[in-house]
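See below for the structure under consideration.
Chains: A, B, C, D, E and F, in written order; residue numbering restarts at 1 for each.
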Amino acid sequence: MENVIGVLAANLLSPMVLFFVLGLAAALARSDLNIPEPFAKALSLYLMLAIGFKGGAEVARAGLDAELLMLIAAGIAFSFAIPVLAFALLRLTSPLPKVDAAAVAAHYGSISIVTFIAANEFLRSQAILFDGYLVAVAAAMEAPAILTGIWLARRHDAGSDRGARNNGSLFQEILLNGSIVVLVGAFFIGWITGEEGLLTMAPFIVDPFKGVLALFLLDMGLIAGRGLRGSRGALGLQTILFGMYMPLISATIALAAAAAMGLEAGNAALLVTLAASASYIAVPAAMRIALPEARPAIYATMSLGVTFPFNLAIGIPLYTAAAEMVT
Amino acid sequence: MELHPKKRIEIIIERVVARRLTDVLDRTGVLGYTVFPAQGGRGQDGVWDRNGLVSAAGHMVAIVCIIDASRLDETLGQIYEVVERQIGIVAVSDVEVIRSEHF
Amino acid sequence: MELHPKKRIEIIIERVVARRLTDVLDRTGVLGYTVFPAQGGRGQDGVWDRNGLVSAAGHMVAIVCIIDASRLDETLGQIYEVVERQIGIVAVSDVEVIRSEHF
Amino acid sequence: MELHPKKRIEIIIERVVARRLTDVLDRTGVLGYTVFPAQGGRGQDGVWDRNGLVSAAGHMVAIVCIIDASRLDETLGQIYEVVERQIGIVAVSDVEVIRSEHF
Amino acid sequence: MENVIGVLAANLLSPMVLFFVLGLAAALARSDLNIPEPFAKALSLYLMLAIGFKGGAEVARAGLDAELLMLIAAGIAFSFAIPVLAFALLRLTSPLPKVDAAAVAAHYGSISIVTFIAANEFLRSQAILFDGYLVAVAAAMEAPAILTGIWLARRHDAGSDRGARNNGSLFQEILLNGSIVVLVGAFFIGWITGEEGLLTMAPFIVDPFKGVLALFLLDMGLIAGRGLRGSRGALGLQTILFGMYMPLISATIALAAAAAMGLEAGNAALLVTLAASASYIAVPAAMRIALPEARPAIYATMSLGVTFPFNLAIGIPLYTAAAEMVT
Amino acid sequence: MENVIGVLAANLLSPMVLFFVLGLAAALARSDLNIPEPFAKALSLYLMLAIGFKGGAEVARAGLDAELLMLIAAGIAFSFAIPVLAFALLRLTSPLPKVDAAAVAAHYGSISIVTFIAANEFLRSQAILFDGYLVAVAAAMEAPAILTGIWLARRHDAGSDRGARNNGSLFQEILLNGSIVVLVGAFFIGWITGEEGLLTMAPFIVDPFKGVLALFLLDMGLIAGRGLRGSRGALGLQTILFGMYMPLISATIALAAAAAMGLEAGNAALLVTLAASASYIAVPAAMRIALPEARPAIYATMSLGVTFPFNLAIGIPLYTAAAEMVT
């Protein structure tokens, strides 16, 4: 337990978390600091490309095993199922209308790749081993939750049927979402080119990686802070609390599954982190098309303003400690 | 210089929805349109700023489309079907153009 | 399609001053506005280009605000107080909108 | 608030040609203009998107220029000489401005 | 021969080519993946700056010799002459009207600096030596073809004379084109500051270079794919074939010249690559001003959608193998 | 003396200065070369973040001493006082109206962080030691001059009182200016995370730093050149001369103070450089709000087009030589 607290404190004082806090503080103080949008998008692309490529190269080195298939299946199941639970909890505990609850629920079933990356770095700093192919699990968990979210909204709200005719193209758009394409594409390129490819790319995607991540987290802090400031009032206490206990619930479920599957600590910690994380890139974009009546001020702020910092600061070390105990 | 009266439609809409709208315009007889990026704004759903969006969601664009008055009603009808459930505004004004082959 | 007549105000102003202006719009009854980035231009104070500015100073934006004609005079008065000493222009034109709840 | 009637010229033209056009505007009596970047569009020559262009060619900008009606005809003539052979459209509309010294 | 095929296969599985293919596939599948334009422009600037600087530093180290002057003269001659040949072939074999044929021809006389960079990396991966000053030859070949292209169009089309008054400023714009200025400027700075300058700049322009190139090629793939999709119909089979045999013809001519000049294999391979490559940055921009009636959908797509991938995947290893045989 | 000339010449042939000159020349020749604005902003952010972080990490390593407080006090005093002197000189020697003179004066009291960074690199190249905490002095000197500038304008021009009601928010905006927030924030993060944090960030903020700086200076050259070209006529000979002798006057004052405080050569050189440098980011933005009647074509061009290159090419080696003699 003491150890957990020490690790937690160390995590809070890592450059990653501190840059996030700097951004948050600057935004709350109404500083005009901002990362130009095209550059922020480039940073995000870089992170996807790098994490995908390194994952693939890792697979080329260490090989695949049956565990991956099991993990992907578990991940997809979580992504489909968690939104149902999240929706039920939101309807019970918060005053959110159905369409907002469905949209929020979809976010918690999907994943945040930056949270996943932060967990990778955390494990590395703790010298805990994990497999590169986990990045494939992350990719597989992005989309299913969106389907559940839309289904939840439709089941409860006849009005939203009007958008149904567009769904064919919507599902294609979700699967061909830019960040998924880069993540998966870079994964395969890393796999194909292996060690040699990694050697070529390393000075670009390995060495400066943590620095780029810190800069990106500065931007995330700014955005989270502006979201929190802008949505003052829109977000009630119950919904804010949901943004902190929901990841713990998802984490507990994933932890149980990880123990049942007999995963090693590192892989378990990453699977748990994925389950506990909430999307703020792919799902909001899909929700604007599929459920335009749902309010972005609610779901974007909960996912980015509440759950992301919670996971970054407290969640990741906690999930790791739990995974080490259980496995 | 001879000027020809036309209608200028300006649609302010979310970037994620813009492709659906331009797909519709492509199918109708509209001969051209231009998309302009917005930087920020405010509406009933609150304030937004391009540099403060991690997702494409929330980012608005303006689609400007100059057409002949004879096509206005039909075009607006088709635009309305897309924007009906979305955030966004549609404004029409009178303009005069110097070449009429584009519209 | 039923169209409702409104007024479109377009204000071209320096980005560093834009927040002051939108703060004023926020305080008045204006229901929404959209900010568009400019790329460059020329005026009495010379030529500028976005890629040639090391500081935010000099960079212009256009703020587009569609309002009901009944509010025009009051809104223009408040805009004028901000832009009075600044570089920038304010132009008003007639538009028709398809939904009137936003204005 | 006293308003003065003016003309708003909006020219949508390729970025590579824009300098030629603004050079012409600089030589005529036009007192100012502002250039806005476009993000994408469609015309008779097909679809384009800013993020899909490796060369500056194909990228369009909108040049907005507010002038006094008395200068309209001469200015349009000079604009036409530049845009005649190029892709692009020129649209004129009526606006009212709150300060008249800029135009 | 077997060796050539092995090298060809290795090239096809390099991260560079694979990232290009990823971009191409994403675009053809209508993914919304895109590299923000300001960032893509920055990547392009970076590549110019880095290749110019490294070339100059190489000259500072190894010195200049008379061969450079000979190579520049040959390069300029190719740039002036190849469009004449290309124009004649296009008029014979394709249905393109004169003004389009002239515009396309100009592209094939000029060069693609990214193709040149890819050839540099390929030679390095094959441990084949070459001189840094070749980058000066690349710079010298950019512009002359534009003059020939305009001349071809004017000779055949009285209508385009109307634009003649603007030509003074056009030629100035071509020579002061941003990418040429950076390439040449960085070359001289590299030359002046030499080894010491390179040491200062290396962690920025040498180490991450290949990674940046891979990212840039991802964007090129996206653009090429969107161009191909958008111009379906506009491009006939004959013109597509032209985009593949024209580089082979230019390459053969350059190869003969290289043999006649007695170049070493590396320099010969680069000269041949330059001759075989087609411009897609400087020439399209010049054509929009000088020959606005020519359709960008034709020339941009041929150069970027057909010839660039052809050279990247097949041309470069082929030209290198040929250069090794002949020299 | 000979030594000074040698060092001066070496500085003029450094990649940094040469890239600045390349940009200047390209702009004066009307090349269309440009660094996209969002990318240039990102470069600037990177430089702030890196210099702040490294300064903080340096403090974590070497510790703080009382000298820092003394230096900060001196810096703030310079920032408040220099504009008064600059204003008096401008009114005496130039035809600038009062409001322009006040705005220009504010720029010379504040500092240029890129000049400071260039001085850091110069000292490092000369193997002269200095303390990391000097970056805190730079941050402290940014804002006070703005207050003096506004006060000078108000004292002489009743008309500008109209803007007074906005001042509360103006001062907040100045202090929360994006670049100051990043500089100071990164400084504290560097301090908190210390050696370990620096190790994490080094491949991003240390290794490529000089290359990024060179690219940024290319952009500064372009902007300075365009400013000089655009303001032809607006800037008289007296004002241009002011842009070169004013830094020398400020430098002399700071040099005397440095000698009085008994600083080591490196710290003295940096304090002198800060005093001699003129702002071109924070102050112009503040002036547009506080003194909109002052003409940007005057103050931006003097600071960026005259004083910045003067300091970069001649000032920094000169101040360093002087600091070495005096301390």
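Rule of thumb we're sticking to: a contact is a pair of C-beta atoms (placed from the backbone, for glycine too) under 8 Å apart; a residue touches a chain by one contact, two chains touch by 3 or more.
The model shown is predicted, which means the values in this text are computed figures rather than measured ones.
> Computing the C-alpha centre of each chain, which chain sits at the greatest distance from subunit D?
A
> Express in whole angstrom the distance between the two chain centres, defined as the mean CA positions of subunit A and subunit E.
41
> Between subunit B and subunit F, what's the gap in Å when you average each chain's C-alpha atoms?
From the centre of subunit B to the centre of subunit F is 45 Å.
> Could you list the positions in subunit A whose residues touch two or more of the other chains?
Touching at least two other chains: 32, 34-39, 207-208.
> Provide the list of subunit B residues touching at least two other chains, using ranges where the numbers run on.
36-37, 93-94
> Among the chains present, which pairs are found to touch?
A-B, A-E, A-F, B-C, B-D, C-D, C-F, D-E, E-F
> Residues of subunit D touching subunit C in their complex?
So the residues of subunit D touching subunit C come out as 1, 3, 6, 8, 22, 25-26, 31-37, 61, 64, 66, 93-99, 102.
> Name, in rising order, each residue of subunit E that touches subunit D in their complex.
Interface residues on the subunit E side: 27, 34-37, 40, 44, 162-163, 166, 219-220, 222-223, 226-227, 230-231, 234, 280-282, 284-285, 287-289, 292-293, 295-297, 300, 304.
> Touching residues of subunit C toward subunit F in the complex: what are they?
14, 16-17, 20, 45-47, 49-58, 85-87
> Spell out the residues on subunit A that touch subunit E in their complex, using ranges where they run on.
So the residues of subunit A touching subunit E come out as 36-39, 41-42, 45-46, 49, 172-173, 176-179, 181-182, 185-186, 189, 192-193, 197, 200-205, 207-208.
> Name, in rising order, each residue of subunit A that touches subunit F in their complex.
Going through subunit A, the ones touching subunit F are 13-15, 18-19, 22, 25-26, 29-39, 207-212, 214-215, 218.
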